[in-house]
Every structure is written in C-alpha cells, then in structure tokens.
Amino acid sequence: MLEVQNIEVVYSNVILVLRGVSFEVRPGQIVALMGPNGAGKSTTLKAISGLLRSELGEVTRGQILWDDHPIQNRDADEIVRKGIVQVIEGRPLFRHLTVEENLSLGGIVYENGRHIRDDLERVYTYFPRLRDLRKRVSGYLSGGEGQMLVIGRALMAHPRLLMLDEPSLGLAPLLVAEIFEIVKEINRKEGVSILLVEQNARAALSITHYGYVMENGRIVLDGSAEQLAANEDIKEFYLGLTQLGERKSYRDVKHYKRRKRWLG
Amino acid sequence: MEILGQPGFAVLQGLITGVLTGGIYALIALGIVIINKASGVFNFAHGYMMLLGALIFWTFFQNQELAPVVAFALSGALLAILSTGIRYPATWTRGGRVAFIAVAWAVIGFILLQTDNLALRAIVGTALGAALMGLLIERLTIRPLIGQPLFTTVMMTLAVGEVLLGLTQVTWGSVDRSLPIFATVNALGLPQAYPPLRIRNVLGGTVVIKTELLIAFGIAVAAFIGFVLFFRYTRLGLSMRATAENADLAQAVGLRVRAVLAVAWAIAGALAALAATLHGSSTALSITMPGLALRVFPAVLLGGLESIGGAFVGGLVIGIAEKLGTVYFGSDVGEQLIPFVVLMIVLIVRPSGLFGEERIERV
Amino acid sequence: MRNRFLSVVLILALALLALKAAPTALAQGGMMRTECKEDLTGKTITLHTFGDLSGPFAPITQPLAAGFADALKYYNQQGGICGATIVLQQDDTAGRQEQTQSLYQRYRAFDPKPLMLLLYSSADAELLREQVAEDQIPVFLFAGSTIGLYGEKADKPGWIFAGIPLYTDQFGAFCRWLAKAWTTELGREGTPKIGHLSWEGAFGRSTETPETTAYCAAQGVEVVGGEYFLPTATDVTAQINNLVNKGANVIFTTSLASGTALIARDLVTLGLEDEVLLSGVNWALDSSVGLLGQATLKPNGLPSTDNIYGILPYLWWDEQTEGTKLVQEQFTANQRPLTARGISYLAGFGAVDTYIELITRTVNRVGFNNLSGAEVKKTFENFQYESLGGVFKYNFTETVRAQDQVRIARLTYARGADGNPIVVEVGGRKLLVPVVVPVTKEFEKVPDLKPGGADVVK
Amino acid sequence: MDQPNIKLRVQNLTLRFGGITALDDVSFEVRTGEILALIGPNGAGKTSCINSIGGFYRPQSGRIFLDGQDITRLPPYQRAKLGLSRTFQNIALYTNATTLDNLMAARHIHMRSNLIGEAIFWGMAQREEIKHRRVVEEIIDFLEMQSIRKSVVGKLGYGLRKRVELGRALALEPSLLLLDEPMAGMNVEEKEDMARFILDIHERRGVTIVLIEHDMGLVMDIAQRIVVLDFGRKIAEGTPEEIRTNQAVINAYLGQAE
Amino acid sequence: MSANIRPSGVFDTSYAQEMRINRTRFDQILSAGFLGVILALPLLSRAGPFGIDLVQPGFLGTIERIAIFMIAVQGLNLLVGYTGQITLGQAAFMAVGAYTTAILMRNGITFWLALPIAALFTGLVGLIFGLPSLRVKGFYLAMATLAAQFIIPWLLRNPLAPLTNGASPLPVPRADLFGIEISGLWLYYLLIITCLLAMIAARNIIRTRTGRAFISIRDNDVAAELLGINVFAYKLRAFFICAVYAGLAGGLLAIEARSLSPDRFDLRNSIELLAMLIIGGAGFSQAPIFGVSLLALLREALIPSITPSLQEWLPRLLPFVDSVNINAAIAPLIFGVVIIAFLIVEPRGLAYRWEILKISWKIRPFSY
C-alpha cells in the first residue's frame, strides 16, 4: 500500500541526502529500515510524512505512492489525515500539556472527534501506565513513559501505517522489550502496518517481517527477517557476531578495523 | 482622612480608575498573549491592528450609506477565506459548501443592511473586518515564515505595523476622531455620554466612576472568562496551545497548524479592535494609538507571556501602579517610571512572570 | 463622501453668518501685497518644508499640509511670486530626528539651496538651529520654541523665525490677563492658582519655566505645579486631583487636540467644570479640540470643551475679514472636511502667503539673480507684514524672532439667533460648531519671558 | 582523609524534584584511573547522579568530593576547572559552530587572553590561539575527525556528533570524564569505534571515566567496576562478573539473559 | 555554513594564515575595493578637493549615520546574534553614550577623552541592566531590558535635567583635533575609521576565547556551564561589550548630530536597531553592514528620492483619496513592504544569503 519509488531528497537546494531509495510496505506488514547513522533513514520517513518541508528539504525526484496516489511533498497534516502517522525520533511531546491532552491532540485529526473517549480507552489498554499518569504534565515523564505516550498519541489518529523512528533509543533493555512487544501487539490487533527505523537490529529483526538496509542514501540490502538475520554482513555489523556466531568483546576491537561497505 | 499623606478619596479614586483602565490594558495584553500562545510570536503590530480596527469601527459607526456595502463585501471576502480553511463534515460536497457559504453570507448581509442600530452594525462589521485583517496578516506575512527563526517573525510584525500605519493614513488620514459609543442622545440631538457614577463623602471627598470605563471593564472581564474556558475546554483551544508549544510537532500529529494560526490572528484582530474601540470611546481615536500597545508590554510580561489570566492580572497591576504612582509621586514618575520598575521587580522575583509557564528543562 | 462635506461647509457658512457677535471691527481693508519690481514669469521658486506627517503630531499637521496644497494652487493661479510658479518640496519625518537630520542634509544640498525652510516642530527647529545658521538657510517655524529661536541661553537670535509667540510668552500673557479678569470678567473669588497639565515632552514642558512662574507670581497668579500625561493616556483624573489638591483653580495645558479634550472631559467627570478653569496655549483653542470635546457634555448641556480660555495670536475663521473669507472660499472649493477647519489649515495657508511676500520683498531689494538664504534672512530681520490681510501679523526685527501680538480668546460653540447652539448634521451624526471668540478685543504685546528677557522678574 | 587513589566520592546523595525522589541516599566511589559504569533502568537516577556531580542539579543533602576536595557547593564552571568533564545523553553541542570551534570553546578554562588583547588580536592573543589550536588538532587527529574539522556540527550525522562531543569533553583535558550514554543510538560498528576511543582515552591519557550505558555487552566488556541504580537507590556495586550474577540486578534491570 | 569550501589551489601553510579574516584573494579584493570606494566617496563630492559633484553631500551624511549605526548594531550582534541574549534597550544605551559625551565635552573635556569615558560608562550601565539575565531568559529578558528603554530616558528627562536640559535639546560642542575642527570630511573619515576598527575588534572577539564562550552560551548554556564557562559572567560581559559599542555609537552620534534629545533614543529606535540586525542576519559578523545599509539607504535615500514622483502620480491613480493622506502614507508603506519582502525572501538575513552566494560562486558550475 506504500510504495517508495526511487526518491531523491535535497536539503536547502544544495545537500543531496537520498540518492534513489525504493521500497514498499504491504498491508499488515512490519518493515524495518536499518543502517548506520547518516544513512538517510530518518530523512526517508520525513519524506513520506511530509515533515521535510519544515527543514527546508524537498523530494526532487521519484515518487511516493500511497494506495497508488502520489503523496510526495504534501503537507504533514494532510498525510496524517490520509492515515500515515510518524512517531518522530527523540520522543517529542507537548511538554506543558498533560498526558491526556497530548493523546487527545493525536486524535484531533480523526474526523469523528466524539469518539475520542473510546480511543483514549483503547490506548490505555495498550499502555495501562498512561492511565495512571493522565493528569500529569508530560514534561515530567521518564523516557519509557514518553515513548509510550508518543506511540499512544499516534494510535489516536487511527493510522493505517505507523512509522516509528528509533523507539528504543536510550531505553533500558527491559523497556525496549516491552515497547517492541506492544508494537507487535498493535500490529496484530489493529492490523496497522508498521515501518520501523531502528539501530537495535537484534530487537528490530525480532518483530519484523521484512527489512531493508540503507547506507549513504541508498538501499543496499533487503530481505525477510530470517534472511537478514542469516546474512554474514548483518551478523557482523549489526548484531556484533563474529563469523563463528559468537559475540566478540569490545575490548578486542583493533585500531586497524576492517571496514566493509556495500556498494560505495 | 488621609492615606499615607494623600487625601483618602484621591487614593481611592486612583485605585478605582487604575482598576478600570487596567481592564483596557488587559484586553490589549490579551490580544498579544493569544498570538504568542498560538504561534510564539510577540506581536509588535498589535498597536497598529488596534488603530486599524478602531477606525473600521468608526467607519461603520459613523457612516450610514457606504458602510453596509463595505460590510457586505467584507463579509463575503472573510467567508471566502474561511471557506478554504474551515473543516466541513467530510460528507459535504462542493455544492454543499458553496450553499453553506451563500446562506451564511446572506444572513450576515441581511443583518448589516437591515438594522438601524448603528452600534450593532458596527460591532458585526468590525468583528468581520478585524478578523479579516488578522487573517490577511497571517496569510501574507506570517505564514511564509513558518519554520524560520522566531525573531524573524517578530521583526515581520514590526514591518506589518508600518504597512498598517500607511494603510490607515491613506484611508483615514491622521486627524483625531471622537467615538461616543456609550452615549444617549440629549435634547439637542447630540450624543450625551452616560454620566459617571458619583459616590459622595467617601474618605473626605467625592469619588467618581466613569461609566464607559466601567462598561469597558465589564466587557474585558467577560472576554477573559470566555477565553479561559475556550483554551481549557475546546478542541481549537487545545490545538492552539499545542501549536504554540511546538508547531513542527503539531503538524506532525496532524493539526492544521496554518488554520490554527490563522484563527489565532483573526481572534487577535477582533480583540485589538475591541480594545481600541473601548479606549477610543474614553478619549479619542488618535494616530498615537500604537503607542498604547507599547505601554501595555509590561502588563503582558508581568502576567506571563502565555497566560490568559496573567494578562488580566498584569493589566490591572499596571493600571493600578500607574494611577497610584501618579497620586503619590506625580504623573512623571507614576505613568512613566513605576510600571517598568514594577516589571523589573517582578521579573527578578519571578522570572517567567506571575503566571507564566515554568520552563521544563532536562539535560 | 465629498458632497456631504461640501454641504456641511455650506451649512457652516450659513451658521456663521447668523453669528450675533461677529467682530467686524477687526476686519481689515484690502490685502496688502508688495508690488513686484521684477517680472519672474516662467521661472519657478520652490517652497521647502518637512515635518511630522505620520508620527505623533500628525493629528494637527495633516490639515497643515492641506493648507499648503490649497494655498499653492490658489496663489499660483493668482500669478505666484511676481509671475514665478511656486513649487512645493515636502517630506515627512514621521517625528523621527534621524529622518529630520537626513532630510535636512538632502535639502541643504539642493541646487539652488533652499531660500527658506518651513518647519512646524519645535524639536526639528531645535535640532537644526546651529546647522541652518551655518548653511545660511532661514527657517519659518510654526511653533514657539525658545531654544530654537534664541539658543540655549536665549541670548543668540539665530536663523529661525516663529509664526506664533513663544510658549513661555503666551503663558505670561495669559497670567497677566487672568490676574486682571479673575474677579471682574470671570466673576471668580479668591486668587487664581494655575496648575500645568500637559503632554510629556519638550513641547508640553515648554511653558513651565522659572521665568514664567516668577512672572505670574508678580502678577498675582500662583503656579502650583505641573503634571504631565502621555498622548496615549486614557484618563487624567489622578493628575487633575493632584493639581486641585495643591489648590489649583485654573489648569493650563500645552497639548494638542485629543490631549486638551481629554482634560476637559475629565474635569466634567470629576464635576469640577465650574470650579476649575481650563486654558492653554494657542493650540488648545483649535477646532479639533472643539470637535472632540463634544463626546462629553457638561451638566448644562454644552460640550465639555465649551469655555476653554487661551491665547489667540491670529484672527480666527469666524472673524469676517477679506483674509478669512479667502481662506474659507478656498477651503470650500477644495471640499476640505470639517476636521480640517482649524488652526493648521489657516497656518498652512498663511505660511504660503508669507513666503510670497518675503520673496517678493527680497527680489525687489536684491533682484531675482541674487536671491539667497542670507538675503531672505535680511528681509526677515526687518519684516512688518500682515499676512492674509491681518490674519497673521508679523513684526520681526534683529532681536525679535517670534510673533508677539496676542489676544485672549475663548473656545465655544456657534449659537443661532435664538441663543441656542446650532446643530449641524455630518454623515448622520449631529454636531455643534466650535467657534473661537476673542475675549480681549485688541492685540497686545506678549511679555518677554525667555531667559534674560525684558520682562523676566529678577 | 581520602585515600589518594579515590578520584571521586559521592556521599549519601539525595535529590528531589517536587514530590519525586530522583536519588535516595546514594554513595559510591570512583577510583583513580578506573572505568566505572553506572547502569540501571530508565528513571533510576543515573543522569540525575551525573548532573549532581557536574553541578547542574543541587542535591538536597549529601556531599561530593573530587580529589578529596568538597565540591558540593561549587558552581559547574568551577568544577570544570578542577578537571571534571562530561558528555550529554541528548547531545548538547554548540550546533551552529564548527567542530573546531566546539573543541576550541572547551579550551576556555586553559586560556588566559583578555578582552582587549582579543579585540586587537595581534601578539599574545594570536600566539595563544595557535598554541591551543595545536592541542585541539591533536584531539581531532586522535578521534579521526579531520574531515569534519570545519563542518557545522548541527549538520553532522548523529554518530559524528557524539564523537565531536567526546572530543569537546577531551579538549578540557579532564582528569575525570563523565560519559552519559555515549553509544546510544549507534550500530555495532559505530559502537566499536566509540569503545575503542574510550579505551584509548583511558589507557593513553590516564583519564578516570564514569560511564552510563544501556548496552550490557559493552558495559561488561570495558568497565572495571559497575554501580547499579534502581528507583534512585544503589542496589549493587562490583565487578562485571559479580553484577552479571546478582539476582537483584537481574530482576530490576537485565531480565532474562539474552 | 560550509566555510571549508574554498576554490582549489588555496592552501594554508600555517595556523596564522588560516586564521586570517579574508582568506581568499576574492574576499581580499572585495573588501579592499569596498573600503576604497567608501573612503573615496567624499573626494567625489562638492566638498572634495577636485570640486566635482558626483556624490551628494546628503548621501555622505547617510553613510556617516550608517557607520554609526553599524557600530551599535554590531554591539547588538555580539549580544543577540552571538550570545543569544535579547535586548530592547540598545537605543537607551546609545543615549547614555551620547549624553555622557556631550556633557563631558560641554564641561571642557576633549572629545578624545570624553568618547572612551562615555563608552566605558555606558558599558557599566549595560552591566546593570544585564543583571536580570542571571534569572531571566528569552523574551522576558527582552522585556527587562525594555525597562532600561523607559527608565534611562526618564532619568535624562527628569532627575538629570540640570545636566541634560531635560526634554529640551542639548547642544553638543564641536570636537577638534589639534585645533582643527572635526567637521565635514574630517568627521566623515573619523566615523568611517572608528567604525572599521570597531568591526575588526568585534570580528576578533568573535573568533577568539570570549567569542567562543558567547557562542557556547547561545547554543547551549547548560553545556557551556558544565564545560567550564562562567555563563553569568560571560552574559554580563556580552552586555558590557554590547553597551560599550552602543556608547561608542552614541558618542559619535552626539558629534555628528550636534544636538541631542531623549526622543531620539526611544523604543522605536531600539526596535529598529534590532530589525537592522535581523534583516542583516543575526550571528553573522557582516550582518550590520547589510542590515544597516539596507534600512538606512531605504529610509534616507531611496524613499525620499522616489517620493516626489509618487506624490505626482499616486493621487491620479487614487483620485478618491486625499493627496495629503497619500503623501503621509508613502514612507511607512514602502518601508514596511520592502522589509516584508526581504524577510520573506531571506528570513535568515542578508548575510546568510551572501554566504550562500559566495559558496555557490566557488563551487560553480555545480549547484550542489
């Protein structure tokens, strides 16, 4: 249902960030987008969700199809209305508003606003902790609670595609597992497709159906979760395993590291 | 009967007048606060919006022949602009929207053309005109700057002020105008201001309460209660608070940030016109009006830039400080120094104003 | 809209004819213009002027610009200056001193250099005082600034000449009259005690000086102090209370249009309209005050601004003379709005007339080809002239740089034959017609109250 | 009173915000020349602890000693002068300045030039500028940042920004370095680079390091001792091996071993 | 900005060389040429030695004021653009400098001593009004400085009236150098050279220790503090420098205008100085050059020169509007519209656009 066809993104008319990225997300799928920092993963998400424009970026070539209609370079709020919601990296909250107000804002775009009560209840069933915190000013939430809140807020808009940017960033191992469990549950119960950008390849591959690896603004590798997990390069660079399948110690990293890059 | 060396009735008089003029200050502050709340922009053009708004009111109030036509055109333009931003029920067809606008326009036009009540017509016409002014300012000058440094936008409001000044000059010239709205008609057929309320023999003298200031104060109070409820309980109010805090994020969660900003500017435009008209009714409509907005800045800060209630309290505090300062230290100290001294003290004691939101900071 | 204003003006003219106390005694004969010795047909002479058209003083300066425009049109039809066409070079300072400075630098660089500069703000004159002297450009100023005319210590007459008396001198003349008229004409008891209540700034503060206070005391009038307010003020009751508490029974104001109207209004609010006499410099008697003051009526049904006393150093619109008739005709012909029928328009018109006379005399003396600022100044320094046939009377000398003949007058409203105020209708709103009535019939010389002046009480 | 080999001593630290207790009577020591890891679940108070040591938060009670000197009441910039330096969880670089300027700014406490000298720039100020530039260039070399020397850091990728931040902390020439999640959001390869840099800093420059990190593999590999916090309390302290098997830690934080 | 993009063939072989302000030949020629033209302008005017009349003397006055306001705006740039603090009181600080210079000169102290004393004194006043920056941030700080903007003129008008003539103007004596009166060309060169020195000093401050501390505070004050910068002391230092620049500009304005009044330093002027900075591009050292030139030329040269023709044909275009009203409206309308246009086209300021232009020139013919 989402098809990204060979897009190029340029910032401030000078900086070329994406050099022809193509991939697709099918209904009900969880798709992961992996790759090192600066590969262009976040930019790809922003290109889809229309958030590039506030950063002076622009899709200059290629197209993004949503249900076979092009949606590149549209306004962000319009994209949200079409059913694509991005959860931005860094867990941005309306810090001076309460948890419940934050959630309501997520639902404000949903045409039948009067169902907002039901929607809140639905979010609280996924994230029971938010119910206890609902009158709390969100600026005082911890990282994990914040992550729950932003995912909950996105759910309020009844998305058909949920895009998560680094949900595990800076979270404790237990919390990462919890969040990913909920994401999986949301995918299963709501039938929401999920596009996941994640550094934590182990966690990502544990829940995804399909994955793409990006480097330098290009897709360099793709495959099902199983295929990727079995790939030697993925093992070494993203899972930290040696050829023998054991994790190597960070103490043993040498100065003359062997670097391997796909393509160039 | 003396209070701290000054005649008691004079002190009381200063206090009462301070509270009442503070009401007008508060309304002006409210207009500035609302734009700041929605878009984070400190609006230097507010004084000029006041001038233009009040002159629109004057035109409707003064002119029986031309004004209805102007109002009719105005309401059409306003509806046309709004129709691009209003969210209709999704099921409406294009024809339905056109019909809706046509009916709305006809209703407004009917009120404007039929009524003999100058004041009613002026109020409707001004509300439309001032809201249109706000919308146009937002659309033409503020919207192109979304995502740009905040100070650029603040400077833009300054430039807008200059343009508004030029426009008022072209259209109305710069002579002072009287605006007797709170008045009856006397035997000669002249408008006669409502007599002030006099309370005799209080603290050794007579204390008077200007009726027009009292009415203005009442309107201000009503406006404030309305806005507090608006921001607390309506979806639009919530959207505005969200947009003010983080416009990029608001857009990301799907708010129509532009529409929200446009509405905020329209409201501010109408508020500017209201405050200016009330002020004009107590003295005169003068081209010096924008200077009044500058004098209200301390009130805005005193209350806190984002606080509706704060704007109200700030307005009153500045009003009272001015008048009591005048009673005790003379006008050159009272009106020109005291408000700023009060501001300095408050800012040092409470850096984000009396009711401003504490910044939530984390490292 | 135009037609309506026109009709208003016609109604006004009729109303004025009905005035019972038309002071015809003051009407002058024909208008005296010096004969030209040289025919300048085909030439152009520029009148240079800049000032605050869009800043804080704009309410009063806009009709001035209208006066310039209409006078220029009229006099050019009449043959300009000995046949030469008068061209207006006009700019706006928006009340900003940098702009004044920069405009002046442009103007002084014009080729040919301006023969005279027409200014109307005290601040501009004070800023440019030294510079115009260096560049030898005389200035005709429509404000009464002591420093501008005579320098910081008031001992150096410069290149600036004022069309109205110094504000200090105006105040002195008012004290002198007040002392005499207090119990007799005004029928008051006790002694007059004046409080100043004026706009903040150089203009508003110009009347409250040690010299004026001492002079008034010598006349038997006590000055109890001063209070100031900003043009944006909503209310001056606190200031009035302060002055009254100090014993003031007269308030003297140096402010324009809405400022004076606000004081009048708050006097009524406080119920002091009969106890406290409102008075002011020449600007306080302007029609703008009379129009604005109608929003509040006194208990007797007349506007709050009825019976403001003040200084009238020129003839007023209602005084039937050839000059006022001419101005009235042009005013009507150009369909000027009622709001412009004040001192500014009159001053603008008179200034053009004065300029013509000034240049004519200079041309007669030195010839067109030798015209220069220095020569115009020489003419100015010995300039006895009744502009517009006596509407403005000038008597400048080596040491006297300001107009110095005044009457005391009163702002009131036109009455019909039945003694009731005349009500006219403008655009659906009913209005009374403000008029200025001289209280003293004869012009008198003002006391000289600049520092070190002849009448300063030691 | 402190033994000479104690670099930093945190004594009974308690910190509250409003009603929330972020740190509850926390005490631990950092020995000179060791790498100490501070771990714990989110909201356990790790960052609050670092912020208290750095001076950004004022604890309600408890004391902090650096090299035996009580620094509890010192403002942050004074602590920096005593050799304390840190990086931030959410990168806190000077985003509109270049890498070079970011590092040069951290040389602040080592520079002596005065305003007038700077305004003229000739002589003293210029010589000093060049002297410190050399130090900074060494660090740039050390962290392999030559190619981004003059890039505005706001435009750099996340991993590079983390590295610039480490460089800036180093430019202070600290004796104690506080690293708040230096490897968050990195993939394994980048983590390896970073780990190498941290070990090099530790070995070659002899800097004592306090490290907050969630990646257990990494912590276990490079830390010499570990302090575990949960709900503002210290629940364990010891070598990686001891922590790995500590039941309280497993319950609160690690969950089932991966 | 990508300052590392340079034409190929330009290498630095020492740190000193790399630290130069103009590192490429292009930059050097451009700035030398620009300065040359500015210095040569008066020679081409009527007052010059050649007696040719190419440059209007009025235009020289405009350049003088541009030089003066550039100093004030550069001070503002250090505080607002580099340190991230906001002040709405720059005009009031200029007033302090101007009045101090004038009062000292009127008491017989030579201009050459009065000016530095005034600048330093203004710096101290700036320190006082910088004190709220300890507690207050952002727009609240702007408003605390707004208080300065009202309190200082009030002091000048009321309690200090015996020294300042109150609301009335204060004449300023002429400055002289070894008996030569500083006026005309001398004044022009004095102002240009002072401005140049002030610009260089600012540039040097920006690129050394203090400047980096300022930038640290602007970009991240918490990090700056934790990394050893005494944030409050440096904020105060920024206020001090800002006020010293304002004082310097004020002192020069005193001898240029030769007559001072408190009205000349009101809030409008402060805001306009800020507008000059924003339009020029806050945080770029060339910002004052662009911002001040644009606004001053617009107000003093462009608008007056097109006003006559507008006065001619606008009333014909709008016959139903009184021509008097049109004349009064021309200046604010044009001024406002031009600023709006510039802000929309280049919201980050002209200096930013200039940098982009230079880069695209260097990497031509590629657009990226």
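Think of it as A, B, C, D and E in the order they're written, each chain with its own count starting at 1.
Going forward, contacts are C-beta pairs under 8 Å (C-beta built on N, C-alpha and C of every residue); 3 or more make two chains touch, one makes a residue touch a chain.
According to UniProt, the chain labels map to these proteins: A, D = ABC transporter ATP-binding protein; B, E = Branched-chain amino acid ABC transporter permease; C = Leucine-binding protein domain-containing protein.
These numbers come from a predicted model, not from an experiment.
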Inset, instruction - Looking only at C-beta pairs in contact, point me to the busier pair out of A-B and B-E. - result: B-E
Legend entry - Chain separated most widely from chain B, comparing mean CA positions: D
Inset, instruction - Report the chain whose mean Cα position is at the greatest distance from that of chain E. - result: A
Legend entry - Inter-chain centre distance, chain A versus chain E - centres from mean C-alpha coordinates, in Å: 47
Inset, instruction - List the centre-to-centre spacing of chain B and chain E in whole Å, with centres computed as mean CA coordinates. - result: 34
Inset, instruction - Between chain C and chain E, tell me the centre distance in angstrom, where each centre is the average of that chain's C-alpha atoms. - result: 39
Inset, instruction - Would you kindly tell me how far, in whole Å, the mean C-alpha position of chain D lies from that of chain A? - result: 29
Inset, instruction - Hunt down the residues of chain C that sit against at least two other chains at once, touch-wise. - result: 53-54, 58, 62, 200
Inset, instruction - Spell out, as numbers or ranges, the residues of chain D touching 2 or more other chains. - result: 56, 88-90, 92
Inset, instruction - For chain A, write out the residues touching at least two other chains, lowest number first. - result: 15, 140
Inset, instruction - Would you tell me which residues of chain E are touching chain B in their complex? - result: 80, 86, 132, 135-137, 139-140, 142-144, 146-147, 150-151, 154, 157-158, 222, 267, 271, 274-275, 278-279, 282, 318, 321-322, 324-326, 328-337, 339-340, 343-344, 347-349
Inset, instruction - Note which residues of chain B are touching chain E in the complex, please. - result: 42, 44, 140-141, 144-145, 148-149, 151-152, 154-156, 158-167, 169-174, 294, 297-298, 300-301, 305, 332-333, 336-337, 339-341, 343-344, 347-348, 351-353, 356, 359, 361, 363
Legend entry - Residue ranges of chain D in contact with chain E within the complex: 54-56, 75-77, 79-81, 85-86, 88, 92-98, 101, 104-109, 111, 113, 115, 118-121, 125-126, 129-130, 133-134, 149-152, 168-169, 172
Inset, instruction - Quick one: which bits of chain A touch chain D in the complex? Just the residue numbers, please. - result: 15, 34-38, 90, 140, 142-144, 166, 169-175, 177, 199, 201-202, 236-240, 247, 249-251, 253, 255, 257, 259
Legend entry - Touching residues (chain side chain E, partner chain C) in the complex: 46, 56-58, 61-62, 65, 157, 165-169, 171, 257-259, 261, 263-264, 268-269, 299-300, 304, 307-308, 311, 322-325, 327-332
